[in-house]
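Read from first to last, the chains carry the letters A, B and C; within each, the first residue is number 1.
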Amino acid sequence: MLLRILELVGIAAFAASGALVGVTKRLDIFGVCVVGVFTGVGGGIVRDVLLGIHPPTALGSWPILGTAFGISLLVFYVHFAVHRLRREILVLDAVGMGLFASTGAVIALDHGAGPLASCLIGGTAAIGGGVLRDVLVNEVPLLLQKDLYAVPALIAAALVVAVSESGAPNNIALVVGTVFATTLRLLALWRHWSLPGPRIPE
Amino acid sequence: MLLRILELVGIAAFAASGALVGVTKRLDIFGVCVVGVFTGVGGGIVRDVLLGIHPPTALGSWPILGTAFGISLLVFYVHFAVHRLRREILVLDAVGMGLFASTGAVIALDHGAGPLASCLIGGTAAIGGGVLRDVLVNEVPLLLQKDLYAVPALIAAALVVAVSESGAPNNIALVVGTVFATTLRLLALWRHWSLPGPRIPE
Amino acid sequence: MLLRILELVGIAAFAASGALVGVTKRLDIFGVCVVGVFTGVGGGIVRDVLLGIHPPTALGSWPILGTAFGISLLVFYVHFAVHRLRREILVLDAVGMGLFASTGAVIALDHGAGPLASCLIGGTAAIGGGVLRDVLVNEVPLLLQKDLYAVPALIAAALVVAVSESGAPNNIALVVGTVFATTLRLLALWRHWSLPGPRIPE
């Protein structure tokens, strides 16, 4: 139950970030909602396509689609207020990322994927929405450029796989993965940690 | 039979719009054909991937691929004439959009997708080709920016699902959906209807 | 066995080209590796999604992922040296392209796809990584613009399907397809063959 609510919180945060980008690109109301909804559910859809879950769960879920759509609509109308909440959205987004990475890995294991594939599918579920958002609005995906985002997602998925393979119940694996990824992401935001870029002489 | 012919008409119109964009971007003959074919069959491929139809129907169909490829080649060589036919292409494209949304929804229902998922998959089948086209040639997808395009597609798919769930035969559902979406799209083009954009002070 | 090694060589060449593009775009170390790995395994993943192989083979293979990741990391640190090896990378890339087109077609036939679909899926496996790379870094895919790249891939896949359908063992089909595509690609590079672009008056 708590998991279900946290999932919707994560989707809402993802959708808000997508809709904000849509507003910045001056898309119309439908475009803003499409980019918002896609950012919210895109990671889960890619996960399900890779695992052969047909049709992808998110496409048939009123709570998920309703949340993503409602938040996108809200952002379209009150984007000024939302801009002021950017910090809060970043925190919620970190929760969503950790949760998606962890649930993605568990779902992959449940569908018979091996440990390595489960790590990667968990990571993909966490970052897929953001990558789709940036491809749609014609930007080089932000998370490829700087910022510690995908690394916590991948580590969390690996943790979940390790804990789950060690025989512990999935719930414990989920909590460990989510808490770890969210904490690492928030620490990275707070301390401005980033990865090195290539050394290219000017 | 009529349905089959209309489907090829829709694919031809989609392919023509894709090939024209390819010419504008000065791609070579192969690039123009790839973008044209992808625009023609992309929506159906995404639909089939989401539904788990392997391999996607379009990839094994000579009539579909031949039509999309032939039209793209034609556009490559006589794009001046095609430019002058832009209005006619827009009308054919509206027919294709309505038809793809409707058949997409019926195919989704047939493959066991729920009502909500079937609406979205129908809508995706109708707009997928255009979105792939714009992502390939590195543009923000046109249909996210203005113009009533995806809204008629989604409404048509919803109509088809409602009619079909009410127990009416699929053929009637298809006709209702296609006629509705095409009419709404043509009205929107004729009256220059569009959706509101975000209010951002200059 | 030789096939397995050649496959890794091809993936390494693809990954190197992807990582080089990432360095040019000044992505951070993680972004460079993601683009490199995606370019290396992207074609195979798209192939598997189209054929309904879940989860895609590459996602569960340590040798494949390790090769793609290791090469990307190497390119990140020694990209100057790699730039000087551009000619060698182009040759390896041609081998990889021919091999992916041929194995893709054989795998598609094995999974029950028809001849036409197998050609296209083989071609997709060969060019998918490069297209994903260019979409990720926000460029119009290079292979749509000039250069004989996808044409040899498609012809090779068609050859493989023809040889295999004629009853010859798959190994022979693979060798014929790979040698043909690689040779044609190298000839095209050497003689600067390219396809015509659209005639647009200035």
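Rule of thumb we're sticking to: a contact is a pair of C-beta atoms (placed from the backbone, for glycine too) under 8 Å apart; a residue touches a chain by one contact, two chains touch by 3 or more.
If you're wondering where the values come from, they're calculated on a predicted model, not measured in any experiment.
S.K.: Is the contact between copies subunit A and subunit C built from the same residues on both sides or from different ones, judged by whether over half of the numbers are shared?
M.R.: Mostly different residues: under half of the interface numbers shared.
S.K.: Working from the CA atoms, figure out how many degrees subunit A turns to land on subunit B, in steps of 5.
M.R.: Resulting rotation angle: about 120 degrees.
S.K.: Can you check how far apart subunit A and subunit C are, centre to centre, with Cα atoms defining each centre and the answer in Å?
M.R.: 29
S.K.: If I count partner chains per residue in subunit C, which residues reach a count of at least 2?
M.R.: Answer for subunit C, listing residues that touch two or more other chains: 49, 52, 135, 138.
S.K.: Using the touch definition up top, name the residues of subunit C that touch subunit A in the complex.
M.R.: That would be residues 22-23, 25-32, 34-35, 45, 49, 52, 54-56, 59-62, 65, 76, 79, 135-138 of subunit C.
S.K.: Show me the residue ranges of subunit B that touch subunit A in the complex, using the header's touch definition.
M.R.: Per the touch definition, subunit B meets subunit A at residues 49-52, 108, 111, 113-114, 116-117, 120-121, 131, 135, 138-141, 143-146, 150-151, 194-198, 200.
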